[in-house]
């Protein structure tokens, strides 16, 4: 086990991670100071050529941009990117569906993450189950995707419906959208975990980033086939 | 306030209830002895002409039938009935939808209750959201109903979908069907309460009886219109 | 399935909804920008003649009013309305009862919604179970209603009591009023779900809007009878 | 601190407790063997003249009765008694109200405990809030009591109503009667804790014994006044 | 049932409450506007001679004081008082114990309430179970009280210990003091409900007012004895 | 939407599912009678050539085997199989890791499901994080898998560790193994959802079947690449 | 990392564990067959000279004893032992305190475990906080211990009190003894975690074994000092 | 029981605590005014020579420093110290491990506390289980410690892994770092309580101070051995 990392005192930047896990470290900015985020970001760009920061505030971005002028800020997704991975060359695209307009921030975090990883995405928003015809109107686009990321708050029913309509892996992302009995997203989370759709797997509440990482790992596995 | 009741010592049989609430008392048998259920049932039949017992075991039924030979037992619904109300004459029928075969017991408790109250029902079973075409295939029947009772366990998504397709009151009944994160029906309950379908109201887990009472009250209100 | 909707990019305005569900879309304003709310509101008014926005802030209203001068703001209910449906012509009125003065915001959301839908309401406030005589003093008014919406926080006992006194559908709305063991409204919600009143159905915590939609659907069903 | 106790190895019988706390130890039988219960019971009778065992099975009773022939078993209350305290001489009686017939076991545990402590009780059963007239019909009896113990499952609303009608301490006992959202009595417990009735205090679910102990302590305090 | 109340539109002031429940209405100020609180306070003073407002902010007080110059504000207890009941003449004093300095606000709400009701109290603060000798040093004072109100956050163990040392009713008040696993006071609440001390009853988290009402009702019952 | 299904009265067998979702229906046997399971199984075999039943008891198997002599029973996995899909031809194998010997039932449900779907698996059991060297000793085998299913109860830490060591999709399955604070598997579930491993997705507690379905969908996606 | 283990197929017996963690593996018998337990036990005895099995049924013991005649069964503790470690030679003894007689099973699991590990213990049972004098009567014995294991159900207050009286590490063990609001031991667990006693650490509900392991590790650390 | 304390009115400063519990009182500053903290701090320094305040704001520090110029503020740990205990002379050092950079505040509270108590510590930060090589790279340092404090948020898996690698007491500290299903630290807490590592004990969420107290008590016990 000869993996290497760089000691910053307050953090250990894991440069061997790309080899071990396929992607360089991503910075979870919440709870870190702008200076800490910047110091980590600089080292990752130096080693890997690009960097992604999630849960980033405007303050985080200002500090990073002062050091890395190529960096950009994705407001709704609350992400910082600087560069991106080479295009994956995958034949497949990731479909990102969301139930309501309030779920957009989470859906866009997934989209920005996949773009940073060189994957192609298609976004299909506001197709919640209370108006099924909106989803059915775009069902061919949905079926053409290789992997589906399905984002929903409230009762979180959309992944079950999607899973019944397609023959692809479905990654469900509950959101904290809702009030009262939605319990900060727990209702949607429990609904997705007990989904009657058998191909559905679930990530944490509001974790668009995690869903994107799982989708990316699936497409890279599928891509090996084509590459070979 | 001159309402009357009959004192049995262990219970007070509420004979004025029919006037006040539209229906005679129904016996919740669980936690009562067969002898207690029988004693109450006899008095209600004497006063109202029919009786309904829910959550009844075979032992409850045996005791009741010894005294009231006209009584019948509905195995899956776990109900005892003896007689029924006069047909309501309502123009409307209650649609009872269930998501999976495991939800049948609860759906049938609703059906037996409505029959005892003189209402007409149509049952549409096994139309869960993971196979939407099964529901869509019978959508005209669904739309023809005056009230919908929608029974579902697991993630409880069916009422949301139904509510988006019809212009009728939807009463959602979560069931305890499921395991793990279904938390004994809580996942379905929370899902239904946070439903994006705006006409959906909810009753307790496995409470087919309560859903039927609410549907009955709605049809009686609607029936007054026709009668007038 | 030929329903139509209008694509705004961030949302799909569902113009076929009125045909399918009886009422045009209502805007849940929380989590949408004033500009988004305004854009959606304009299109709904154009198609349906009136619009309702719930959970609206003063900022939402200011943006909408700049475009739709006929719009009004209901402060306590946090609703925007612009026009209203034609009077329903229903023989029935909806009774809106609330337990304490702190539950008024939710009760008024229900009242504003029903007014927007052309239904008549009567409000009976501050009749909580700790002072029963206040409720009993107005029991004739309560019994004259076609549907009851009963709003209560704390232990949420009022719907049980009301259900025992009337022969009508009772829609219970728990509120987040309370502290400590009220758990943000969960105590009232659980109490209403386990109500010993058999005609009680329940909506989400603070969801005065949903209760109004259900009451409206019931009255429209009852109205068909009279119209026929 | 010179209090004395007797060491049995598996237990320490606290003979000074009567002096310190007003009443000798009571045996919580669940989780103890019949032999252990008998050994403790014998010593308490020897020291205090009477003994009470709660949560006792028929097996516990058989073992105790073999040694203490004067012992009796209260089936529904699941209590063993052998003798009783001298009559308290209190001018006041404890009212024990219960909402449904299924709550009787808990109500009777309270009644048996108070009898063992030499207090007088009056039982008023099956007066749940869904049929208020049953309670109002006996309101004079209720108001004549010195302390009220109010036992209820499901939504647990009865203590709030009683508290609004009387000028006496109200001790609320939630029961585990119910299903689904009653969560084994938690719904009733939370409802009672958030009661809008200001004189209501609460004990654990199904703890009729604890409610009786509190009522006994109150009457003994009140009794000192008369004695003086 | 001839009880009277005064209709303010947003509230019904319950003037018959003193006769029915022993004490005039108390105003729960949170969630009411200063103007509403003032309007209600004026009427209660007019009818009963004194008034108490709990959960009152400085803004509430300013509005009330402008109209009722005799009103005073109890900062830590967050209470407004204007006048007080006549001294109860009770032989007994209420002991108010608190575990930590952070529990003082709740303990003082109880003390202010009892003073407004004309009862005498003694406060014994900072006697938590981690330093038992502080409690034991004042045990004679504790034992001299007629009723004990025991306020504690964190694990809420103090009522159990007190109950084992005295022969008096113990009213336990959990507080929201703590962090992490204290779950906003739920840990203390559950601990008190499962207390091994048999005379302990419990009120809602931070509900010093409710504990005082219960203690007041107990002392008034005991006082009848002396008066007779 | 021309999908077909067969109506059995108590169930609708969804024959179009294979086309729509890639796999024929699987029977969740729990809560169905042996006769119902057999009736459904017969029709699925007739239409698809093989069938899988999960959560099957010995009684379910006996009934199925009487009709379908080729059926076999997998005791620990509680599965019935009759035939299997053609080998998928995938270049990839699914690794099934489990933390403790008590997690084997769930791990084997996943293995049986994947075998029925024609996928190859390798099982690596008893490699929990309290003895890391057991996992590290087999790390090359783990890294050679295309997808990892990681099964763990108690604190559910294994998926996080595995995710840090490999560059593949990781599907985490919490189990109900544990006691006390494991809360029937909730501790493991929450742990996996909050995993610091970014490629981890999660299924319901004890849902080895669902994890296998997701892994199968991933391998079929990857297989399309090779086929092309 | 050259640690060794023995592969049994269904389990990996970790022979290097003694070197790494100070103690050989202990068998958690629940969920394993008697044959599996026996196979593992035989190998551990062969390698380490003694073995301990926890959560063992009489059936587990019968199978083990047939192979290892020296094995013994501790009924109340539900443990199998065969041999024991050499006496630790520690100057310190572990005090095991329990609050009630119902907590004995957990306390004895701790005692049996420590005996198997060659440590000395003293048991002080039935010293719950509702009768403080029982604890204070033995306070010198308590203070003479090197480490305290404090076992309590219900409200779990004993560790807080003990921690305030001694200058030693206190390991708190919540038990599932109780009912209603004890929530299967959660109330005690939360109480111990929020203990105002600063030296208190906590293990899982009913985990007497874990507490013993922690105490053993502490004494071995302390023992190194003396040995040196 | 002749222990002494000093009465400040709002608090009782427990001067006998050092004798009884080994360390003087520590001030939990949250919820106390700067003036209260200062008054207590002055008295403790006078009696014991040093003081520690936890959960202290900059405002608390400013007030203390005005009176005690030697006081210092530890920003990230939110602690005030003034002086320190004499070096313990322990042969052992406490290892403080943390999983992520966001856990540093809690880890440093533990470090500051131990320094104030005269104990030596070594900090090993950012060694979470998703990058095991970072931990393994420093395993010799970890194994050289006498006690391990392991701080982790999210799924809280680090203590389990550490416990499997070392032969020392492990004190686990869950942190509130995380979102969604981390439930404010409950996921980490439950994970640590159900850890498969048998020597792990747990303290409250974010309670670095409590972990340090337990470690200090262990080292003082071990130190007695060397001293003798």
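Order of writing sets the labels: A, B, C, D, E, F, G and H. Residues in every chain begin at 1.
Operating definition for what follows: a residue touches a chain if its C-beta (ideal position, glycine included) is under 8 Å from a C-beta of that chain, and two chains touch if they have at least 3 such contacts.
The model shown is predicted, which means the values in this text are computed figures rather than measured ones.
*Asks:* Show which chains lie in contact with chain A and also with chain G.
*Replies:* Touches both chain A and chain G: F, H.
*Asks:* How many steps does it take, at the fewest, to get from chain E to chain H if each step moves to a chain that touches the one before?
*Replies:* 1
*Asks:* Compare the contact pairs of A-B with those of each option in F-G, F-H or E-H, and report the one where over half match by residue number.
*Replies:* Match found for A-B within F-G, F-H or E-H: F-H.
*Asks:* Which chain pair is joined by more contacting C-beta pairs, B-D or F-H?
*Replies:* Counting C-beta pairs in contact, F-H comes out ahead.
*Asks:* Can you work out the whole-Å distance between the CA centroids of chain A and chain H?
*Replies:* Their C-alpha centroids are separated by 36 Å.
*Asks:* Rounded to the nearest whole Å, what is the centre-to-centre distance of chain B and chain E, using the mean of the C-alpha atoms as each centre?
*Replies:* 45
*Asks:* Suppose each chain is reduced to the average of its Cα coordinates; what separation in Å results between chain E and chain F?
*Replies:* 57
*Asks:* Send over the residues of chain B in touch with two or more other chains.
*Replies:* 1, 131, 136, 163-165, 180-182, 186, 189, 193-194, 198, 204
*Asks:* Going by the touch definition at the top, which pairs of chains touch each other?
*Replies:* Applying the touch rule to all chain pairs gives A-B, A-C, A-F, A-H, B-C, B-D, B-F, C-D, C-E, D-E, D-G, E-G, E-H, F-G, F-H, G-H.
*Asks:* Provide the residue numbers of chain G that touch chain F in the complex, in ascending order.
*Replies:* Contact set of chain G toward chain F: 1, 3, 5, 10-12, 14, 16-17, 28, 30-32, 36, 174, 176, 184-186, 189, 204-207.
*Asks:* Looking at the complex, which residues from chain H come into contact with chain G?
*Replies:* Within the complex, chain H contacts chain G at residues 1, 20-22, 26, 91-92, 136, 146-147, 163-169, 171, 189, 193-194, 198-204, 209-211, 213-214, 217-218, 220-226, 228.
*Asks:* Enumerate the contact residues on chain G facing chain E in the complex.
*Replies:* Going through chain G, the ones touching chain E are 99-100, 128-132, 154-157, 160-161, 163-165, 178, 180-183, 186-198.
*Asks:* Show which residues of chain C lie in contact with chain E when the two form their complex.
*Replies:* Residues of chain C touching chain E: 101-102, 104, 125-127, 131, 133-134, 136-137, 177, 179-182.
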